[in-house]
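In C-alpha cells below, several structures.
Shared chain: chain A. Partners: chain B in the first complex, chain C in the second.
Let's look at the complex of A and B:
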C-alpha cells in the first residue's frame, strides 16, 4: 500500500472519530439541557408548596402532604431545593422541612452515606444530618471527628455545633490536634461549633484551658470569652500569666475582658507594660475597656502617650467605654498637640460621629 | 392601601421565602437582588420599611443604610438588617449605622414577621 493511500485512510478514520466525538458532545449537552429544563419545570410546579413550608405558612399541612406524595423521580429533583431551603430557615419552618426529608427516607439515606468510601459522600451525609438539628443523630456524627478525611472532620464538627450536641465537645477539642500527618480541625470551626453548644460545655472548656496542646488552650480561651463562661476566669488568668505562646495569651486577655472581675483587671493592667508584646498589650487595653473597672482608668490614661500609636488609640476607645468618667479623662488630656492629646481627641471625635457622646458632654 | 416593604438579598431562595411570608401577611413586597437597586428604589419610591441583607455584591446592606440615613428624604426609613454574621462587632456596626433591628440567618420566618409588625407599630 502506498504512503499516500495510508495517509488518506488515517485522515478518514481521524475525521470520523472527530465527528463522532462532536455528535456525542452535542447529544450529551442536549440531554443535560432537557434534564435541566425538566427540573426547572418540576421545581416551578412545586415551588409554591416548598415556599409555603419554608416560610412557615403551611398551617394545615396541605403543602407538606403534596410533597410527601410526589413520585420518587420527581422527589429526586426536588431534594436539593428542600435541602437548600432547610439551610436558610430555622424554627417551625425548619422542623417542617426536616419532617419532609425524614418522611422521604433521607435521614436513613444520609446515615448510609456516612460509611461511604468517598469522603465527599460522607461529608454530604454529615451535612444533611446536621441540618435536621436532631440531637439523637449526634452519636452518628461524633466518630466522624476522627475521620481520615479533613473535610469530613470539618463538616462533622460544624454539624455537631448546629445540633448543639454537648456530648461532642471533648471530641471537637481532640480533633484540633495534628497527629501522624493528619491536619487538626481549623480553630475557627471548633470555636463556632463549641459556641453552638452553649454554657453546658463549661466543664469541658475549663479542662481544655489546662490542655498540653496550645491549639486546644487557644480555642477554649476564645470560647470562654465569646460564650461568657464566667467560671473559666481563674484558669484564663493563669493562662495569661504562664502560657508560652503569645497567641494563647492574647486569647486569654480578650476572654478576660468579657468574663473577668476586679482581680483580672489588675492582671490585665500589668500586661499592658512595655516589656510585653504589642498584640498582648493591645488586647489587654481593649479588655480593660470592656471590663470598665474604675481602678483601670489611670493605666489607660498613661497608655495614651505610648509609642505604639495603635495601642494609644485602643486605650482611648476603651476610656470612651467607661462613659462619663472616661470621657472626662479624655477631655482633660485633649488640651494640646501632644501624642496623648491627639489620641484622646481622635477617640472623642469618633465617639461623636458614632453618636456615643454628644457635643455637650465634651464641652462640659 | 397595603404597606410596602422592600427586601434586598442576593440569595433568591431567601428573597422568595421572605416575600412569600410577608405577602401572606398582607404586605406589598418589592424584591431586589443587590444594594444598588435597593438604594435606587428607596430614593425613587421609598417603601415603608426595608429589609437589607448585610452581605450583597456592589453596595452592602450597611452601605445602603449609611446612604439612606445621610439623605434627608429617606433618613427616617425603618430598616432591618439581615445577616449570617453574629459577632458582637457586626451587631454594634449595624446599630451604630442606624439599623432599627437586626436579624440573623438562618431566619425564622415567624420571628421576622413579628419583628416587622412590631417595628411598624412602633413607628406609626
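Let's look at the complex of A and C:
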C-alpha cells in the first residue's frame, strides 16, 4: 500500500473518530441538561410535600397523600430524592418515607432485584431494603452475605446492621472470611453492623472471640469493646495473652480498656513492657487510662520516660484521665527538662487549655 | 562549490537518518497515543462502575462510624500568608469523623505565622515530636489553639525545604493515615471520606492512595471552598486543564485500574503512617519526592513479600492553582522531568525485573520509554522529518502522515478523555467552556507541547550536568473574591 493511500485511510479514521468523540460530548451534555432540567422542574412541584414528610411536619398526612398519587413517570424522577432523604432521617419521617416507598411497590421491586444477575442491581435492592428498616426483610438479606459479589455482601451486612437483625450476627462473622479469592467483609463494616444489633448478640461475640479465624476474633474484640459487652472480658484477656496476630491483641487491649476490671489492668500493665510491639504498648497505655485503676499509676509514670515518645505522650494523657491523683503524679515529674518531664508538661499544658484542670491544681 | 557539497552531504545524512528513524518515530507516536487511549478506556470502565455504585457506597456510614481510621492532614507551608488561614479553616471543616490539621511552617519570612496565631488564637505548648522519620530542620516550637480542642497543630521549624517539612509533619501526626496537601490546595468537602475509603475497605493491603488534581484558576472560591467551577480565561491554563484531565485523571486512574500505579501527586496523597515510617519517610534530596516515595513503597512491599495496593481515587478532588506565566510553568516542567529522571534512574534495578510484577515489567518500561524519552522524540522527530521535507528527501505525504499520527491521534486521545469526563464527572457545565476545552485540546498540539517538551529536556539536562535544583516560587493570589 502506498504512503498516500495509507495517509488517506489514517486521516479518515482519525477524523471520523474525532467527530464521533465531539458528537458524544455534545449529545451527552445536551441529554444530561435536559434530563436535569426536567427533574428539577418536577422536584420543584413536589418539593414542599417531600420536605414536609422528611422534616416530620406532615401531621395531617396531606403531603403523603399527594406523593402517593403522583403518576408513575413523575415517581420515577422523584424516587432517587425519596431514597436520598430516607438515608438521612430517622423516626416518623423515616417511617413515612418507607410507607411511601412501600405504597409505590418499591419493596417488591427491591426484593425482585435481589435475584438479578447484576451485582450492582442486587446491591441496590439490598440497600433499599435496609433503608426501610423492616425486621421482616432480614431473612431476604441474610443469604446475600454469601453473595459472589463483594459489594453485595458489604451492602447486605450494612443493611442488616441498620435493621438490627440479631439473627444475622453469625452470618456477618462468617462473611469476614476470605476464601478462594473472595475477599472478606471489611472489619469496620462488620463492626458497625454488629454494633447496630445491640447486646442481644453478646453470646455470638463471645463465641467469636475463640474463633479459629483472626479477622473474626479481631472484629469480635472491637464489638465487645465498643458495645461494652462486659461478659467478654475474660476471653479478651486470653486473647491479649495468647493471640499470635498483633492486630488482634491491640483490639483486645483497647476493648479491655472499656470492659475490664482490676485483673485486666494488671494484664494491660504487663503488656506495656518494652519487649512488646509499639502498637500494643500504646493501646495498653490508653486502655489503662480508660480503666483508671490506681494500681496502674506507677506503670504509666514509668512510661513517661520511654524511648517511644508517642507512648510517653499517651501515658501522660492517660494520667490526666485519672483526675487529681494522676495530675499530681505528672506535676511531680514535670520539674526538670528530662524526657519524662517534657511529656508530663505537654499533657498538663493541654489539659489546662481544655479546662480539664485548673492552674491552681497544677500549682498546688 | 563548498556550499553545494555541504548541502549534498547534509541531505545524505538526513536521508540516512530518516531511513533509520522515520518509521520507528511514527510507530513510537502510534504506541504512545494508543497506550494513552487504553489507559483512558481502563479508567473510564472503572469510573462507570464507581458511578453506578455511588448510591450505596456508604458515605453516611463512614461519616458516623466511630471505627474509621483517623487522618492527619500535613500542610507544609512557606510564605503562604495570602492563603493559609482560609486554607486551614477549610481543612478543619472537611467532612470526616476524626481528623487533625498539622501546619508545618518551614521558616516563613512573611506574616504567615502571625496570621495563624491571630486567626486560631494559638498558644505555645510543650509538645515533643517523635523522631520516627529522620528530619533535618530544627524544631522551633509547637502551637495549638487556646481551646485545646480544635485539632490544629502548628509546628515552626528552620527552613529546610518542603520534603523535610512533610517529614516533620508525619512525625507530629498522631492518626494512622497521613494526607499530604499543599497549602494552596482546596479540597472538596467530602475529599477525605472518599480518598480514605480504600483504606477502610481494605485496611491491611491499601498503603497509599492519590486523589485527582484539577486546575483551580478561574473557579469561584468562597471561604476556601470551590462554589462554582469555571474555566480560566487564559489559554495556558485551559490547555493545562485539558492536560491534567488526560494525564492526571484518566492516565493515573488507568494505571491504578491496571494495578501498577507508580506516581501519585504530592499535592494530594494519603499514606499509611506506619508504612511511611517503615520505609524511612520522604527523601529530602529528591526533587520528585512524591514519585520517589511511591517507588520506594513498591520496592519495600515487594522485597518483603507483602500483599499491598496503591490506588488512585478519581473523585472528589483537590483543586490547585496551575501556573499562568510561562516562567513558572517552565520551572515546574523542568522540575517534574528532572524528578522523573532521577527517580527512574534510582530505581533502575526494578526495570524489567519480574520480581516486581506489573510495576517492573510494564509501568517502569512505559515511564522510561513514553514519559522520560518522550520529549526527545517530540523535539527531534518533527525537526528531522521537516528537514527531510525541505531537503526533498521525504515526501509531503509522509510528513502529513506523521502529523496525522503524532498530532491528529493525540487530539483524538484528548477528545476521548473529554468525552469520558463529560460522561462521568462533567465538572464544566457551560457550553462555552466545553468549546474552549475542545479548542484547547487542539492548541495543545500546536506549540505548547513542543515548548514544554523542550523545558522537560532542559530539566533532564540540568540533572545530568549535576546542576543544583531549586524549587521555583509561585505567587499566590489568595482565595476569596
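Just so we're on the same page, the second predicted complex is superposed on the first by the 330 of 364 C-alpha atoms of A that agree within 3 Å, B and C clash if a C-alpha of one lies under 4 Å from a C-alpha of the other, contacts with A are read in each partner's own complex, and residues count from 1 in each chain.
Definition applied: a contact is a pair of C-beta atoms (placed from the backbone, for glycine too) under 8 Å apart; a residue touches a chain by one contact, two chains touch by 3 or more.
All figures in this text were calculated on a predicted structure; none of them were measured in a lab.
Shared-chain residue A:52: touches chain B; no touch with chain C. Residue contacts after overlaying the shared chain place A:87 against chain B and chain C alike.
Of the two partners chain B and chain C, it is C that touches the larger number of chain A residues. In the superposition on chain A, A:18 makes contact with chain C only, not with chain B. Touch criterion not met for A:228: it reaches neither chain B nor chain C. Once the two complexes are laid over each other on the shared chain, residue contacts for A:29 go to chain C alone; chain B is not touched.
By the touch criterion defined above, A:103 lies against neither chain B nor chain C after alignment on the C-alpha atoms of chain A. Within the superposed three-chain model, A:10 lies in touch with chain C and out of touch with chain B [touch as defined at top]. Legend: residue contacts after superposition of the two complexes on their common chain; A:354 is shown touching both chain B and chain C. Touched by chain B in one complex and by chain C in the other are residues 87-88, 354-355 of chain A.
Contact residues of chain B toward chain A in the complex are 11, 13-14, 16-18, 20-21, 24, 96, 105-111. On chain A, the positions that touch chain C within their shared complex are 3-4, 6-7, 10-11, 14-15, 17-18, 21-22, 24-26, 28-29, 32, 80, 83, 87-88, 120, 123-124, 126-127, 151, 154-155, 158, 183, 186-189, 191-192, 222, 226, 308-310, 312-313, 339, 342-343, 345-346, 349-355.
For chain C in complex with chain A, the residues that touch the partner chain are 49, 52-53, 55-56, 58, 60-61, 65-68, 123, 125-132, 144-149, 174, 200-203, 395, 397-398, 400-401, 404-405, 408-409, 411-412, 415-416, 418-419, 422-423, 426, 431, 434, 438. The part of chain A that touches chain B in the complex is made up of residues 47, 51-52, 54-57, 81, 84-85, 87-94, 354-355.
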